[in-house]
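Paired with subunit B in one complex and with subunit C in the other, subunit A is shared by the two complexes that follow.
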Partner chain A sequence: MHHLVLERWSRGATFLHRRDPRAKIVALLVFLASLATAQRALSELAAALFLLLLGALLWARIPVWAALARAAIVLPFTLVFAVGCWISGDPARGAALAVKSYLSALAVIAMAATTPLPALLRGLELMRAPLFLLNVAQFLYRYLFVISEEAQHMGKAAASRGASVGGLGTGGRRFRAAAGALAVLFARSYGRAQEIHRAMLARGFTGRLQTLTPLRFRAADAAFLAAASLAPALVRIAIERIA
Partner chain B sequence: MARRAQRGFDDAKVPLLGVMGAFVFAAQMINFPVGIGTTGHLVGGALLAYTLGPSAAVVTMSAILAIQALVFQDGGILALGPNTINMAVLGVLAAYLPYHLWGSGRSRRLAIFAGGTLSVLVSAALALAELLISGVRISNPVLGVSLALFAASAVLEGAITVAVIEALEKIQPGFVRKPREGRSFALGAAGLAALLLATVGVLFASTSPDGIQRLGEQTGIASHARALLATPLAGYQAAFVHAGWPGKALAGVAGLTLIFGACLLIGRAIARRRSA
Partner chain C sequence: MKQPLIEVRDLRFRYDDGAAALNGVSFRLEAGETVALLGPNGSGKTTFVLHLNGLLTGEGSIEVCGLPLDRRNVAAIRRKIGLVFQDSESQLFMPTVLEDAAFAPLQRGLSRHDALDRAMAALKTVGMEAAAARAPYHLSAGEKKRVAIAGILASDPEILALDEPTTFLDPPGQRDLAELLSALPQAKIVVTHNIPFAQALCSRAVFFQSGVIAAEGAVDEIVSRFGWDFALDRSRSRG
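Take a look at the complex of A and B:
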């Protein structure tokens, strides 16, 4: 599945990969804030921030073209409204919408491709994000692929029994067949969740997910945090002064 | 919201909500035939609200949106905050209220349908309104077309939710929660009305931002209205329109702090009255 690419990238061991997730989260927030609130000289600022992200991607040895292509996933939705803006006679705002959404997606990729998701969620937990929500997100990510495969298996099983889209008839019957498939998938997921919880209890689950390596905030993390959060802010101030 | 849910749930809910979130993801791969050649899929807020309960559905939908933004670049990180409010919190709430009100009566099917429809409609209308408020100009034909599209997908969500809930009840009736007995009808109805009014109002106000002012002048309450608008930071655009972005951001944060403080005080007051 295509999402595994991001997972593979995040297993690297470059300087950026080894930084504490908390430092990367704060750096990302500063980057997003300086991007999202920008209004003047947006094209120059966007170019500078783009180069900044490009540098980070190269440094982390992430395939740049693939990362650029992934970030474009956000575009279809924003482009609709950007084009709407354009038609309504405000091309600048439309362009700003598209540029901001693309750059923010690229920034998230730069962070997610250098931090495995469990480490990222652990960092958020240490930053006092609600634990319950983070645990749910962790389970969601873990079982996403399992349940998706279950759905694919069901599709294959149906096909091997000779079910075809046309064979079910039209309209209402096909609709009900799809609803039935969803209900079965729901029941199976529910049952699986109960099994998982029993298995976890049997292994001594106390309501907290444990990580194997405790996070430690080193001097290098502090240096990275200072540099990575100052860079976008300084770039923006400099460009707004010149413009 | 998540902290409150945390207090109310036991550990058994963590795997359950996570796996059901994964289910909603996977469910989006199952296509429902709609008319000629087109297909749609489930959004899931309403279905989760009727099976796991509204607060669990809010947490699960929030987790889904967060994973979507972080891992799949779907929805975008900048829109994560508003998306969570629109889809996970207010969408789920809008889905649950009709069920809460009429879920056990004869019009149960209609209530489920209305809930599914409302969940998408409220989310979409709020998203549109937020775009308009943030200054994106959308011409009226484009606005009309997108509203029609949203309405169509909302009706589809309602139909899918009804079909899936009915199929689920055939498999095992225990999956679908019954709305609690002795529920306060008036409170639910007021909540639903307020939600609808707010959504429609926000959408209307954002399409014609000067409408309220014009109304005020016509009815001769302009002076009153101005006094109301001049309450601290209520109309931040007026005072801060010439300030730079730090000013605006500061005004926004200060406004949020004020609202938070007000909510906190009201909450405390209600809690004290309850315990007294």
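Take a look at the complex of A and C:
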């Protein structure tokens, strides 16, 4: 599972891993804004920003090929729009869309792979992100694996009773079978959510998740924030001037 | 007469669908006791346990350590009763073992330093201090159960209530759990179908049937009275 791999990567101890998540979040936002609003010399800018990200991944000792492959998960979605642009006679726009989305995903992976989720959520909380959304994100992260395992068990149970994708019939029957399985999975997840809530109440939950490790914004974080925010902006200014 | 740790009088409860789950349960738990709750599936054992710290609310009265269970006392009572759920997966909701063990102390307003000390001490008690930085989903079923118990012990409760604690555990895991629990000083309520586990751990058993306590006494006596053990007649099964 992707989130298990990211979780393992995020437990590293390099300079990038040790930085305050708030510094990384702001640097990521600057990177995304620099990329998303670029119009001119896009291929040169994309190559330069790609090298920046590659440097960050190597510095953080993240397996580069695995990270590059994971970032490609966005391509099936963006390629649909890219193909649409190409068909409507604007292939350059389609290519820009695909490149921007891939680099954005890679930047997000670089941040998530160097920041454990609890610290990332704590950083977002301190930056006034809605607490409810952060709690939902934390529980989704924690239980995605459990729900996926339950879905796999249901699939195996169905297969052991002779069900197969081909054997479920066509059209409406197949849709009904999938809808039924989803309904059961939803009911199980709902039951589990209820039990988790009870377990939380039993241990004195007051509506706010607390973390053990306080965040401290140090001089090194400020230096990282300045460098990591300036780098993509300066790269863009330089490339646009040359072009 | 010494005050019991838990005193329940005539507890009644119906679920939202109208099904009666408890039909007048009266129960006492004395200090130092370990009591097994036995009985068929659906007889009300788990529903009863969920009432003890106010997770479900029925009619009748419940007193824990002398405190009547009501809205005013519910937080204090949840500190006194540690509830270990059947499925540890639902109980271990924090991203790491250490953060999970520190959840209750942090929620109860302890400083991070004190919560960390409590959590590490609890993990040490259950022999899981080496797993502090690990994510709960990487643990075995036995390890998860130990960490779930550590999360409860971190609140320093006076009573432990365990719902089917041997579920998902292999026989060595069940033996280790029985040893761990018998070494803990708290009074315990153990909901179980596992008779050897109850015999190893419990001084008394109560037998639930259709939402009432049908009988109580020594574990062996209750087991024999209700035929609540399992011995396959191999000569018959071989035909």
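By definition in this document, the second predicted complex is superposed on the first by the 217 of 243 C-alpha atoms of A that agree within 3 Å, B and C clash if a C-alpha of one lies under 4 Å from a C-alpha of the other, contacts with A are read in each partner's own complex, and residues count from 1 in each chain.
Convention: contacts are C-beta pairs under 8 Å (C-beta built on N, C-alpha and C of every residue); 3 or more make two chains touch, one makes a residue touch a chain.
Since we're looking at a predicted model, the values are computed, not measured.
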Subunit B versus subunit C on the shared subunit A, clash or fit?
-> fit
In the superposed arrangement, which partner chain does A:139 touch: subunit B (first), subunit C (second), both, or neither?
-> both
Could you tell me if A:218 is touching subunit B, subunit C, both of them or neither one (first, second, both, neither)?
-> neither
Regarding the shared-chain residue A:18, is it in contact with subunit B (first), subunit C (second), both, or neither?
-> neither
Mind telling me which of the two, subunit B or subunit C, contacts the most residues of subunit A?
-> B
Based on the superposed arrangement, let me know which partner A:200 touches: subunit B (first), subunit C (second), both, or neither?
-> both
Should A:210 be classified as contacting the first partner (subunit B), the second (subunit C), both, or neither?
-> second
Identify the partner contact of A:117: answer first if only subunit B is touched, second if only subunit C is, both if each is, neither if none is.
-> both
Go through the superposed model and pick first if A:153 touches only subunit B, second if only subunit C, both, or neither.
-> neither
Distance in angstrom between the closest Cα atoms of subunit C and subunit B, superposition on A = 8
Using the superposition described at the top, list the residues of subunit A that contact subunit B and also contact subunit C.
-> 117, 138-139, 141-143, 146, 192, 196, 200, 205-206
In the complex, go through subunit C and note every residue touching subunit A.
-> 50, 53, 55, 75, 78-79, 82-83, 85, 87, 89-91, 93-96, 98-99, 102-104, 106-108, 112, 115-116, 119, 133, 135-137, 151-152, 155
Which residues of subunit B touch subunit A in their complex?
-> 2-3, 5-6, 9, 11-12, 14-23, 25-27, 29-33, 42, 47, 51, 59-60, 62-64, 66-67, 69-79, 131, 135-139, 142, 146, 159-160, 163-164, 166-168, 170-172, 175, 245, 248-249
Which part of subunit A faces subunit C closely enough to touch in the complex?
-> 4, 7, 11, 116-118, 138-139, 141-143, 145-146, 192, 195-196, 198-206, 209-214
In the complex of these two chains, what residues of subunit A are touching subunit B?
-> 3, 6, 32, 36-39, 70-71, 73-74, 77-78, 80-81, 84-85, 87-90, 93-94, 97, 100-101, 104-105, 107-109, 112, 117, 120, 130-133, 135-144, 146-148, 150-152, 165, 171, 174-176, 178-187, 189-190, 192-194, 196-197, 200, 205-207
